[in-house]
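Encoded as structure tokens, here's the structure I'll be asking about.
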Amino acid sequence: MSHLPDLVGGFLTTLALVALSAAGAFALGVVVVVLRVGPLRVLRAVGTGYVETFQNIPLLVWLVLFVFGLPEVGVRFPLFTTAVVVISLYEAAYVAEALRSGVNTVAQGQGEAARALGLTFGQTLRHVVVPQAARRVVQPLGNIGIALTMNTSLAAVAGVVELTASANRVNLVEALPIPIFVGAGLCYALLAAGIGGLAGVLERRLAT
Amino acid sequence: MMFDPPGPRGRRRSRIASAVAVVVVLALVLVAVRRFDAAGQLEVAKWRPFLTWPVWRYLLTGLWATVLAAAMIFLLAAVAGLALAFGRMSSFPWPFKAYIEVVRTIPVLLLIYVVLFVLPAYGLDLPLFWKLVLPLAVSHAAQFAEVFRAGVLAVDRGQGEAGASLGLTHAQNMRLVVLPQAVRHVLPSLVSQTVGLLKDTALGYVVSYLELLQSGRVLANFNHLLIQTFLVVGLVYLVVNASLSKLARHLEARGARSAR
Amino acid sequence: MRWTTLSVVVLLAVAGCSGGESAVPGGAPPSAIDRLLAKAPVATAIPAGSAMARIKDRGELLIGGSLDAPLLSQQNPGTGELTGFDADLGKLLAKYIIGEPKTKLVTSTSETREPLLANGTVDVILQTYTITPQRAERVAFAGPYYSSGQAIAVRRGTTGIAKPADLAGRKVIAGANTPAIAAIKAAAPTAEIVEFGSDPECLTALRQGRGEAYVQDQALLIADAAQDGELEVVGEPFTTDPYGIGLKHGDEQFKQFVNDWLREIQKSGLWQDVWRDSIGTVVKGDPPTPPVIGSAQGS
């Protein structure tokens, strides 16, 4: 297989997509969840609107809209950056929902107790809610990470040649669908297993 | 509630903060719209086609194809998912567990490529509808299985034990005691799973199955209004899926009431 | 959420009250295919037991093709009608076999064409199917029925791109899974190819500076340039793509039959009329000389 370097390049692109989008989705998801559980009604509405909008429209539509729409409003990123931004925005909605259900599992009385002690909203979050919720959200976040990895395969629509796209391209030249697609599948499984393992380790750490 | 009902000063501060937030959000939207307009994307001529019936008839036909595919995927994935879930909770769980864990870590797009490229090499060329439905059903079956399993596990163990002590067989116990309660637990996540599945049918463009997104592409190819067409298509997805989610919340609320 | 219900109502109201208006602007003019069909020939003899006899008994010609290939085979979303050079030829072929222009389109892609023919899902493939000796090992090609070529388009005012070799080292836009990709690789191996899913996406990408040039079938580029003043087609096509009608591998009888039909419509001037109504609406001048049947390697 003379096209192995192409596949390796595709895998590295996927790796970069996953790492950057996961970081972006987590950071943005935290912001959105703070808006959603926070005291300002306007911001709660903004957070809810954000989650609803991004969860109800397919990622493919978002990709096309951002790749071809953003330059029309004067924002022009390279294609790779656009893909990272779109996947981050999209998955942030899921991250926010996972975090919110984590926050909701912390008993109401805890928040009230913190308030009785005179803690502010920020202090309550930091000292009372987050430490308890953290362990419960690790597994859901791991699942979102795996889903995100799978979703990076759609970045080909934005002209980014990641693993799936490069497998497709190489297959068109070499016409060896089975080894190429099975190999690509194994790479994804490996990535997913890595994320799952990481989540497991983190969960055990936080349990203590 | 992690915050006190605000006092007079707090109320004033939160009013100011709200106003600032509204202004910032509105300003951002306004700038985007004005730039969009400056780029000529808001010209009446570029939007008028979307006020005509033939265009909507075409898009709604696409939506119908999306719904058909989603319904078939739901049916197959739900049945297979139920079987997988019980398989995984049986005394011989590993083949089911393996299926769920493996399928969960393969992108649907890759599964579609397998149906598209690998199967035809062996003379098996499925109709377009099945080229989309089959890989999605294979993938969502694993996710449905996990939803169902979580539902059964969420039923209090005492319930099953009580059923057993009444002399119910395992099958009776499941059917009469555990499942009815599990269904209520899983309804909301079942609906959000369905929203995800409906969104995934957008992959129909890969196999050129004429669902909503692919219809949008053919339309954009014809009228050369790429951005407008995709905005409209996105809006249709939003309306359909938001209605589904609303149904989910309604069911959730009713479930919570009747459980009391 | 109240706005959801509201938007459904608005949507339906909008859809409902503007029913009478005409179709989508911006597409090709409606084909004058009916006029051509009236004078189109019908085969005098259909041998019993042949592929043609089966099609005639079925009363419908099953064609593998595209819905979104402007000038060649494009569906008008307003009317559902299929127009273009390939689509019109399909209707003429159906009339030749059945006596009526009854066709049914099965959307095919470059990967699925061969299995679709092999397992009998479609009778013929009419889809910019370039005849090559390699493909001829798996498919029987009638024709060539049209000769096309890949050309280069740039934003107006772009300098330094005049011939295929100039693409070297530059970002070049091409449609995913189109013959353009192989053509670029052959002409300028160092060019960086950026792929998008459809012609309007490629055009938008070129306009937004995602690449310096766009390689696509010449007729399509001319059609695009006719609509978009910013687009400029540079030079002549740099490849020759003889398009054939794909048939089941080994069916010499059907191939002979389709070739006879092609010769007949080329001679009677019907081929030229079809060209005028489709590609000729954007390409200036008289119809080209139709390719000689059997002239391509593999046909």
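Note that the chains are named A, B and C in the order they appear, and that numbering of residues resets to 1 at the start of each chain.
Here is the rule we go by: a contact is a pair of C-beta atoms (placed from the backbone, for glycine too) under 8 Å apart; a residue touches a chain by one contact, two chains touch by 3 or more.
The structure displayed is predicted, hence computed values, not measured ones.
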Pair joined by more contacting C-beta pairs (A-C or A-B): A-B
Chain centroid nearest the full-protein CA centroid: B
Whole-Å gap separating subunit B and subunit C, where each centre is the average of the chain's CA atoms: 35
Centre-of-Cα separation between subunit C and subunit A, whole angstrom: 40
Computed distance of Cα centres, subunit B from subunit A, in Å: 17
Contacts with 2+ other chains: residues of subunit B: 117, 205, 226-227, 242
Where subunit C touches two or more other chains at once, by residue number: 1, 197, 201, 204
Multi-chain contact sites of subunit A, meaning residues that touch two or more partners: 52, 64, 68, 72
For the subunit C and subunit A complex, residues of the former touching the latter: 1, 176-177, 194-197, 201, 204-205, 208-210
Partner subunit A, residues of subunit B touching it in the complex: 1-4, 6, 14, 17-18, 21-22, 25, 31-32, 35-36, 39, 41, 102, 104-110, 113-114, 117-118, 121, 195, 199-200, 202-203, 205, 213, 226-227, 230-231, 233-234, 237-238, 240-242, 245
Touching residues on subunit A, where the partner in the complex is subunit B: 37-43, 46, 52-53, 55-62, 64-65, 68-69, 72-74, 108, 111-112, 114-115, 120-121, 124-125, 129, 146, 149-151, 153-154, 164, 167-168, 171, 177-178, 181, 184-185, 188-189, 191-193
For the subunit A and subunit C complex, residues of the former touching the latter: 52, 64, 67-68, 71-72, 76, 79, 156-157, 159, 161, 165, 172
Residues on subunit C engaged by subunit B in the complex (per definition of touch): 1, 4, 7-8, 11, 14-16, 18-27, 67-68, 70, 74-80, 106-109, 111-112, 114-116, 118-119, 121, 197-201, 203-204, 227
